[in-house]
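Listed next: structures, encoded as structure tokens.
Below, chain A partners chain B and then partners chain C, in two separate complexes.
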Partner chain A sequence: MADTAGWRERAEETALLWVLVAIVAILSLLPLARLLFEGVAPGGRFSTAALSSVLSSATTWTAAQHSLVTACGGTALAVLIGATVAVLVGLTDIRGRNAFVFCFVLPLMIAPQVVALAWLQLFGPSSTLLKMIGLAPAMGSRNPLYSAEGIVLLLGVQYAPLVFLTLRAGLRTLPQELLEAGLAAGAKPLTILRTIILPLMTPPLVAGIALCFVSCLGNFGIPAFLGIPGNYLVLPTLIYQRLAGLGPSVLSEVAVLSCLIGFIAVLGIFLQDLMLRRRDFRITTTSNAMRPFELARWRPAVEIALWILTIVVLVLPLVALLLSSLVPAAGVPLTVKSATWSNYDYVLFDHAAAKRAFINSFSLSATAAIVIVLVAVPLAYFLVWRRSRLLRVLNLVAEMPYALPGVVLAIAAILVFLKPLPVFGLTLYNTVWIILFGYLARFLVLGLRPVIGGYYQLDRTLEEAAQIAGARLLRRLATIILPLVAPMATAGALLVFLTAFNELTVSALLWSSGAETLGVVVFSFQQGGDSTYAAALAMLTVAVTIALMLSTLLTGKPARGVLPWRG
Partner chain B sequence: MNYLLRGVWLAAALVSMLAPLSAQAQAPKGKLVLYTSQPERDATQTTTAFKQAYPGVEVEVFRSGTTEVMGKLAAEFAAGAPKADVLLIADAASMEALKKDGRLLAYPEAKVAGLAAGTYDADRTYFGSKLITTGIAVNTAAKNRPASWADLAKPENKGQIAMPSPLYSGAAAIMLGTMTARPDLGWTFFEKLKADEAVAVRGNGAVLTAVASGEKPYGVLVDFMAFNAKAKGSPIDFIFPAEGVPAVTEPVAMLKTAQNPAAARAFIDFILSDEGQKLALSMGYIPARASVGTPSWLPPGTVIKLMPTDIGNVVQNNSANLKRFSELFGN
Partner chain C sequence: MARLIVDRVTKTFGAFRALDEVSLDVSDGEFMAILGPSGCGKTTLLRQIAGFDKLDGGRIVIGEAVVSSVTQHVPPERRRIGIVFQSYALWPHMTVAENVAYGLTVAGVRDPERARRVEAALALVELRGYAERRPSMLSGGQRQRVALARCLVTEPSLVLLDEPLANLDVHLRASMEEEFSRFHARTGTTMVYITHDQAEAMALADRIAVMDSGRLLQVATPSQLYREPADATVAAFIGEGIVVPAEVVDVDRNGRCRVDLFGLSVSMRCAPAQRPARKARACLRAGNLAIVGADASGIDARVVRAVYQGGHFRVEAQLDHADGVLVHMAVAEPCQLAPGSAIRIGIDDGWVLPEIGKIVDSIAPESADSRRPGGVAGADG
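Showing the complex of A and B:
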């Protein structure tokens, strides 16, 4: 009996593992291998010409250096803002927490190119806002955002919520007993923060840093808008320009560049793995909600500081974008008389593609989020609790499509899916399905990281108890583990949804008529010179995102920590 | 090949001898895949009007800069499965390159009567649909009004100039090929622009935004975009520089691998028809068929001084030009 049960358990486990390996392989390995094949063997013949020409080019190393500088700078800024806010929001008694968290997480849900667009509207001679108040700098004067510092600033602002989300999810599991013990021993709050909270929060913090670093490294929208005009190229923009400007004849060169950026990302992930492996960070998550630290007379000052941060980071850029969407044509000064809704009219009622794009982006993102969580929960189980060389490789493989710029994955997907699938005879190319494939491959890691962070904090004894009681793996996953990692899994699903909903780089090359995404339509308008339509549609996207978030606040009371924008 | 010198076809008033579209023996139907570099709004209008003329045809559109359209096509050729039936992209040089690779299907019966010779390929593989010139756009509040390309490149405009990147835009690639081949401008002109810290943005649309919003008061820009924005109230003017303007013809062509050749031919017919040409006119373009008139911004009879473009030369030097430009402007 026991033998049969053990055999069944092992068979089920092995089967599940290989299903997961197959999924990751198809999502990540297949397209990247196809691309690599193109890189080392252009047209099927082996050649190292591309490799040596790329690695000996000064442009490559300049861009690699720029990538490192902006990714590290952006991550540092994001960690600084995100961690500070997480500690203040998660541990102290500030008021208006819900409203603040809501506003603070919002920039993450706005597309990078929209963020860049909004900030560019805020500064520089073209700012409708500055023109209105007569503060616009002289025409042609340089917009200060067109610089490395500008890129770092926007990357930091864009991804600070990522650090905040992972860290706050971790703070929720902080054992009350330890803090009370510390307080009882007479430790000051700052000492507790340094000696108890910070060490315990290492896994989510490191996970947040890794996620943030990889996001900054692969970000395309911000360096594209801010770096290209100032001739400050990072690897993704270099790859995009080579590919877009010179076509797939440089596919092999681009494949080498992609490997370089992949290598940098892998280094970062490897460091994370190294840091977490050295110690055991497990916490039992049974303790009650923590009593917040009292800020006492500092409270108003902290609250004001947080709200000023919100206004600078969120309100001003969005107001600038809103004003730009109300002018009849680019450059027209906004007055009560010139203000018009005609841009909204056009994108809402006259432009069929914009309407389709809303539906497409919504269904694509929702599907991607659900599928990814269903894969991530069992996958993280193996990655965290069944360490093996195969699994470590699998982890790295799953990271690759996200670390690589989206345009590379898009080209790889085209190469794989252009021809009808061998057995089924279906052609995914020019359908929404190739975009869904791109989203699943690219955003798997976004859903996976928080779930892995969640597993690190789980006490395995519950699961082991269930196993001894005879519950097999699938059952344990569904009844024990899923509820325990649910907050992290939901955070992951949300990250996937939000990123995909505003995504541009993958769909820019994969879309077709009838399968437009919101990012593509906004970008098309912007590229075609219809910047007022672009601003209007971008504002609508932001409005829908905010409306969705608000509606989740109204429908019942979800479990604590499930929705990141809830206080 | 310097047909563009004969730009007088703008002034010529020829009577169209097109047969009515309804005279088609069998109405084409099914799906038509169009790859185009037209701006979003224009592409939508074009396909909507085409669908009205041929209700049986469903049109799928891929829209991007000419270079990206060519990139997508090349990827599809490499994989052996091109999807496009018909192309409507900015310049004849890209079409020449495709023709050289044997990708285009000739359409000998295309109704070219009324089109100036030289605006379409002698082998009837591609057909210019309109004339799009590239000149100087200025913000109305700008200090100077450069009357020539040489004026634009003067140091007084330092940090004030935007231009479309030829790595994205087909019209800009022709502009680059045409101007660098001229002794009076040549690469010196672009080196001067670089010294002026001119920025190469992705496409003409981005130049329009930069100039109209005052981010860069001067821009190298295609005519219709400047005039359409001006008509909507943007503070922008368009100058035809003294040396002349480079121009593209936005040709239409069908691929040999087209899966719906009947609909592809219908699309070419439509673009070259009076109806299609009037549509282009209403969008602010100079139509290829002179008989349908000129846009409101161009007084009838005006002769635009066009720079001659040696398409063969542009095709031959294109990748070297793009590389040099890319090294110079870093994109």
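Showing the complex of A and C:
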């Protein structure tokens, strides 16, 4: 009896572990390996033809140069805005902090292509808003945003919250005593900022910069809306154009391009990793709330400046977008008489692809969110509590599809699923399922991180008590662990849902007729010149996003430090 | 109910030996306390018995079955034991009744049998009427009792308690101690109680196992542990014994011997096997020491400090004969002993440490001893 005791438990745990290993490997290791393989051996045969033809093409290097210029410029602008705001919000006694944080972080949660669309509606000759106040440029003049500067501006606005969030997380861990010691030594607040706070904040700042750089580099929506019309191509849009224009025959070529952009991104990640290694970014519950510096008579001025910033980067573009969605056709001035809901009617009830896109985007995002959380809870269990070495290595691999630009994963997914699956004979290419695969692979980490954080905050004896009571692993997971990590898992699921719902990069390359997403339809409306339909559809996605974000403020336990828009 | 045998159990973490050949035999129905300072390995031992960790040597037997050895490991969920955790580990998303019922549900016990047994368990810990509350609505003592009820409802053969009183305030501790005692008497379950508090261990346990640095130093009844410590570490740890170098001059058959202590001849207790020895060590208790007049026989010493402790002073003094040897005793009020005043100390009893073969020539203090307050080992220089 003693020899067989516990074999069922062991078998159950081993089986679960291997299922998880298989899932992570299929979602992350397989596509990336397949992509690298295609880079050196296109079509399965070793050849440097594709590699050399791509690398010797002037287009490649022009796009790479454009990518670097816009990514660096966007990052610089984002750091300037994000760091300034983080210092003001994190260290001073401004009022209305939570409302401001919510508004400031909002652009990060709205789809980049919607941000681009909104800004395009703000400037340019057909801007409904500018027409209303009589400031619109002459018809036929060029929209100033169709330029490298426009791309840099919007990337900076979109990703300033990323720098803000990493820096603010760092400021939260700053011990109060260090600042008080500085004050006691006679230093003025600005001196303390320069000599104590900023040096200590170097690691999170550099991490934020690296994160921002990789995001700018991989962004597809903004350069697609602003760059393609002016033929200013970056690597992601170059890949898109090649693939959209010539189809799967150029796969080997775009695979090399993907490897190139992946390589640039890895350099950024490597830098971030180097800084993260020096510090532990886990949430500590013991950090004392830092007493804010008093701005005294400067406070109203600073508050006004922050809210003006909000109006410029958030309110004005969204208002422009809203107004454009209400005119009957682009260029028609908006008056009480001309205002119409017909654009909304059309995208909600008449246009078949738009209707399908709503259903597709909703169900794809919801499925991805649920599946990811169901995988993340046992996965984080083995990662945090069992310290499974095998999974720790895989965890690093699982980060890659999210850290790397979205086009890299999309191309990799096409390579894996272009041919029918062996054994099953199913073809996922050109179906909605390849998009689901892309979402699962890319956003697994988004759902996993909060759950891992949840485990670190849990007392493991809660699980051990259930073990002593005789409960096997699956039962413990279902009855004890899942309810306890539920708040974090919900937050993770929500992040996955919102990100997938607003996503364009992956689906732009993976969509097919019948499997459109909202991002794809907004994009094709805009490309086809139907900017009023695009604006209406974009407004609807913004409304859903903001409604979901607001709903987290009203209900449920706060999962601090997980949802970026919660103060 | 079951006997627990821990047989030469070894556990290492890297180069660190957390458990070093620990052997312990807990008989059926016994209340065994495992006592030691923090970091001594007592919690590691508990985790071995529970099965949370795998051992690196030796074996553990519960009842008739080997549950842990190098080659086999019965997982905790199959060991049919109960644990009361230091943090109580009550599941916050369940009511008191659901917490208690969990083990029964897992075992396949269904209502009405399950409800009846939950009710009985809650009655046993005097928490009837709290069944529908959440753990967050209970006081510390009530949570403790829920944890106890949850652990006992499945009638485990062996109950492990991991510092269950550490998180309670002083007043609650006394009443919970009493509760554990009554509880043990009523159920007759074999209990292993981990603690760093010797008063707690003495009050509750049938026997106490003293651990230090991953080794088991002595297993004995509380009284034996206090009166007859096995070595200098136990002597110093339990009841702040004073360990001094001594010469055993001759031994009689009644377990007593004559000892030369810095020139003073004292009659002391000793083990039956004790032989005369030039370099032995003795354990003195504060109660064995008293200040005597200058004409009486005793050891001259100098007061280091006197601390008032309510009704009496704790006087610490340094013996003149061998510098480095500090002793302490209780002196009743009134007492005007300034630091530096000369006193003579009389000694009426003591215990010769049965360290036969362990120490022959060297009685240098062990570093672990000299760091512990009150645990002052004898030193030759």
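The rule is short, and it goes like this: the second predicted complex is superposed on the first by the 360 of 567 C-alpha atoms of A that agree within 3 Å, B and C clash if a C-alpha of one lies under 4 Å from a C-alpha of the other, contacts with A are read in each partner's own complex, and residues count from 1 in each chain.
Throughout what follows, a residue touches a chain if its C-beta (ideal position, glycine included) is under 8 Å from a C-beta of that chain, and two chains touch if they have at least 3 such contacts.
Here the structure is a predicted model, which is why all the values come from computation and not from measurement.
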Partner touching more residues of chain A, whether chain B or chain C: B
First (chain B), second (chain C), both or neither touched by A:S388: neither
Partner chain in contact with A:D459 - chain B first, chain C second, else both or neither: second
Which superposed partner A:S363 touches (first chain B, second chain C, both, neither): neither
Chain B versus chain C as contact partner of A:T14, first or second or both or neither: neither
Touching partner for A:Q241 - first (chain B), second (chain C), both, neither: first
Touched partner set for A:S52, first chain B, second chain C, both or neither: neither
Sites on chain A touched by chain B in the complex: 43, 124-126, 136, 139-143, 228-231, 233, 241, 243-249, 251, 328-332, 338, 351-353, 411, 414-415, 418-419, 427, 429-430, 508-509, 511-514, 521, 524-531, 533
Chain C contact footprint on chain A (complex, rising order): 1-3, 5-6, 9-10, 459, 461-462, 464-472, 475, 479-480, 483-484
Chain C to chain A touching residues, read off their complex: 50, 52, 65-67, 72-83, 85-87, 89-93, 102-103, 106-107, 150-151, 154
Residue ranges of chain B in contact with chain A within the complex: 33, 39-42, 44, 59-65, 67-68, 70-72, 74-76, 78-81, 83, 139, 141-142, 159-160, 165, 167-168, 199, 201-218, 225, 229, 232-236, 319, 322, 326, 329-331
